[in-house]
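I'd like to ask some things about the structure below.
Letters A, B, C and D name the chains as they come in the text, with residue numbers starting at 1 for each one.
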Amino acid sequence: MAIVLGPNRYGKAETRLVRVVRDGDVHHVKDLNVSTALSGAMREAHLTGDNAAVLPTDSQKNTVYAFAREHGVGQIEDFALLLARHFTGTHDTIHHARVAIEEYVWDRIGGTGHSFARNGGEVRTCVAHHDRDGRASVVSGLTGLVVMKTTGSEFHGFATDPYTTLKPTTDRVLATAVDARWRHTGTSADFGASYALVRDALLEAFAGTHSLSLQQTLYAMGERALAACPDVCEIRLALPNRHHFLVDLSPFGLDNPDEVYYAADRPYGLIEGTVTRDDAPDAGFAWE
Amino acid sequence: MAIVLGPNRYGKAETRLVRVVRDGDVHHVKDLNVSTALSGAMREAHLTGDNAAVLPTDSQKNTVYAFAREHGVGQIEDFALLLARHFTGTHDTIHHARVAIEEYVWDRIGGTGHSFARNGGEVRTCVAHHDRDGRASVVSGLTGLVVMKTTGSEFHGFATDPYTTLKPTTDRVLATAVDARWRHTGTSADFGASYALVRDALLEAFAGTHSLSLQQTLYAMGERALAACPDVCEIRLALPNRHHFLVDLSPFGLDNPDEVYYAADRPYGLIEGTVTRDDAPDAGFAWE
Amino acid sequence: MAIVLGPNRYGKAETRLVRVVRDGDVHHVKDLNVSTALSGAMREAHLTGDNAAVLPTDSQKNTVYAFAREHGVGQIEDFALLLARHFTGTHDTIHHARVAIEEYVWDRIGGTGHSFARNGGEVRTCVAHHDRDGRASVVSGLTGLVVMKTTGSEFHGFATDPYTTLKPTTDRVLATAVDARWRHTGTSADFGASYALVRDALLEAFAGTHSLSLQQTLYAMGERALAACPDVCEIRLALPNRHHFLVDLSPFGLDNPDEVYYAADRPYGLIEGTVTRDDAPDAGFAWE
Amino acid sequence: MAIVLGPNRYGKAETRLVRVVRDGDVHHVKDLNVSTALSGAMREAHLTGDNAAVLPTDSQKNTVYAFAREHGVGQIEDFALLLARHFTGTHDTIHHARVAIEEYVWDRIGGTGHSFARNGGEVRTCVAHHDRDGRASVVSGLTGLVVMKTTGSEFHGFATDPYTTLKPTTDRVLATAVDARWRHTGTSADFGASYALVRDALLEAFAGTHSLSLQQTLYAMGERALAACPDVCEIRLALPNRHHFLVDLSPFGLDNPDEVYYAADRPYGLIEGTVTRDDAPDAGFAWE
């Protein structure tokens, strides 16, 4: 028996990059949070402290900023792929790169060319991988899209056991914060277009599904997204059930006809699931 | 010399209330976070543990829920005043009530009657006071309105000392998260209308002011809000300066013509100021 | 009626300073978060954008770092006073300075001279004021000291109204996160010694008081702190009641003899109070 | 091509459980955050909304509380295994259970039997899996152990490229927040003892290793933990490099002999790695 080094990676996390493109008086803003992670011939670095194979995380950060100037920033997936390809293509010791990006959206303040208000809704995300053999993957996503429906949600007919006290319901408030990630079949999609399609599909399926459980809603959302977007082969959803409990007002001589709720923090249900095409190519390292 | 009890208050903080009004298939959502704080004849409670004067915080929470059913919830200021008036009017031992409310906004998902997405922008706030002598006050506000302008902001001509290394600039990115609170002259305004007026005034002044300093922008925002809204007599603004530093790309043979920025976390400038009418009535306890 | 500038201040918030003193192989660490805020002749800055009176917040940050090297950092109160005195003493346009500091404690890892683990307990705080007329004040404090007692806490005999459903109890879990700030009579105390005295007094009073309410515990804690520390003339405490609810296990055929609790997040009781000497000097700007 | 359901699980997240054991006047506190996740025959639930296979998350929460009373809570790993075994053993439709627990530590306030202060240091964690075929796994861990060494850390000899500006250093501050998870070979270890051994090993290796890189320190920490604890076969570490930058005081005529640092927030290096025995059994689902 010996003790050995297993899988490892290192990089610069959360490089905050804002790029302003000035088209005369009309400006455009990209606000990103970029995290790079590299792996490769790092055995000596770990075992002896010989850093000859280690490109500093500081250099990775510099590369993010320099590339924003040299190449611009379009869709975050393309920028992530560009960076990942660069790191694996220019350093023999780097065999694999993972680049994750979060994008924060700014809305133009009405009528102005260069004033913006941060759109506080969901954050757009992506994770791109590239290795020295040319294999690559792109997973896009969004997080923090908080939605609620105030009717059209039931939950009954569930399994029971001696620890079950929950009453079935045929009308409840259903609220969740959508965390979705979807895998593209290739690496050359129109990522902006597919983002819009998937986002709309998720919202429409959430709103349009008469829900018998959050599981059923999850599947409907995933199915709708895949149906809408041919180049997406798999989607993973994590949906916390943000419970809204009807308050018992009877001690005060009041009824409560589905009107006054307590929004609970913890605990919360958490429903996680994958919806996939049955002919989806192998995911490889895409979800790592 | 003796040790004595000074000012005190107690209450229930962060009661999360969601109220759904069902107008046929079209539903309306109010999503609030309510904090109550009472004070009065609480000397014995502190000194001897005699709780005869203490209305439990649990009862305060119950009152919030019951009032939402009994009286509905319109503008948060009116609901806060209603609660504060109730507590001071029905318990001899309670001489003063403070009710603070945060409101989270939900946008209807397009075309639906009962599905909503949380608007992740600013949070609307209010603090109402009422005492047993009938004195009352209302402060409205918003927090978390994050704005940026990518030009039209300068900073130069400032004082210097031996610790000054900052270079003057005639063009910088200016970004802040607006935290504003405004005091009403009376307690019977149309609070929804004044909220919209103040919010618009703040955005327009931020976008429309050619800024020579964040102080100047702050004053312009406050002045515009007071000008727009006659029943507001005082506004307090806290504006963190969310620094965006131009990245030095010269080590990589690149220029950076106001294009690539690093968005810094800490430290940050913090500009706080009040803009007021010179005939504003005494604030009393309004800001407590 | 005219619109005018009211009270205002500006400064650099959250300058993160770590100072290492090397006494041979034995090192000492000070880990601080420093926020400065200045006010004075700032009318033109706000109204016309003339910044001649404005010492940049960047210079304030530089001063914090330079002073740490020039003067060292002993007790945070002394460092805060030193900085506040400097700003008001060297710039005619600065009439008043407020310096707030948080200190994070590191414990030496056993047997080592220069390795440390962050003590994740409470944060030590202070706020010092100094104006150009030589008036000064010091408020010390701590935040995030989370304590619990599993017996010796009752709550009954309270006021009731139609919204009261709470049952009286003669034995409950009492938990809180102590947020305390105490005002010194002068500005030249041994702040390290008084910090230790107050902290011990707070813990001993919390543990040693048979509690009939959190209000009573609050007063006992404040009184003990003042009794222990003659140069402290006033203490303000904010104690959230971190509710621990006994879980009803009867549906499962189980009793629950004060054993299994649900620790709730929100809402929570919040008890705030001041304990003071009756001959305390006027607080002036100390609490601002 | 068809769209199908992929891997899925559901459960109750963050059930906050505090258990008090009363040994006369001496009490003992266990403060846990328990998350359960079940999977199995959930196809119909997703596709048709038939919930016959779904044990409600509410029942899972109830089970956590009831088991705390029925079986007590010893080491969190044993409690997690007990719960996971229960869920898979009593419901035919549940084929697999994952139970994750966080434990918060409370220290007794000196000399008292039932008063405690929360130890704000690291959080102890575990994840246990159990399936209906009797396979099981236990991963223990800790998170939030923040450590620093003020000397004995170098970084030089690294790879460079056109984007490299970092200067080599032979003496720097090294700080990180240790996030460690270790896999046990079996499921019947003395988990309390191994926790103490691993924690000590991590601290000793961090303090005792003359560091040439954080990668080298990571490996040394992992190796030491495996050497100390025979029943641990694999350990995974994630170490953010909490950069402390020496402040340039030369503009103020001051030197800075490794004394005054700026503690940065973002970006930060992030070093992740696994140290394993070469004969470790297959991990199966342990890390999921």
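Just so it is clear, a contact is a pair of C-beta atoms (placed from the backbone, for glycine too) under 8 Å apart; a residue touches a chain by one contact, two chains touch by 3 or more.
Worth saying up front: this structure is predicted, and the values here are computed from it rather than measured.
Across B-D and A-D, it is A-D that has more C-beta pairs touching.
Chain centres here are Cα averages; for chain A and chain B they lie 31 Å apart. If each chain is reduced to the centroid of its CA atoms, chain B and chain D end up 38 Å from each other.
Inter-chain centre distance (chain A to chain D, centres taken as mean C-alpha positions): 23 Å. Contacts with at least two other chains are made by residues 16, 62, 66, 163, 165, 251-252, 265-266 of chain B. Taken together, the touching pairs cover every possible pairing of the chains.
Put simply, chain B touches chain D in their complex at residues 162-163, 165, 251-252, 265-266.
If you check the complex, the residues on chain A that touch chain D are 1-16, 35, 37, 42, 45-63, 66, 90-91, 93, 155-161, 163-166, 211-216, 218-219, 222-223, 226-227, 234, 236, 240-241, 266-279. Within the complex formed with chain D, the residues of chain C that make contact are 16-22, 27, 29, 31, 62, 65-66, 68-70, 106, 109, 112, 114-122, 144-152, 173, 203, 206-208, 244, 247, 249, 251-252, 254-256, 258-265.
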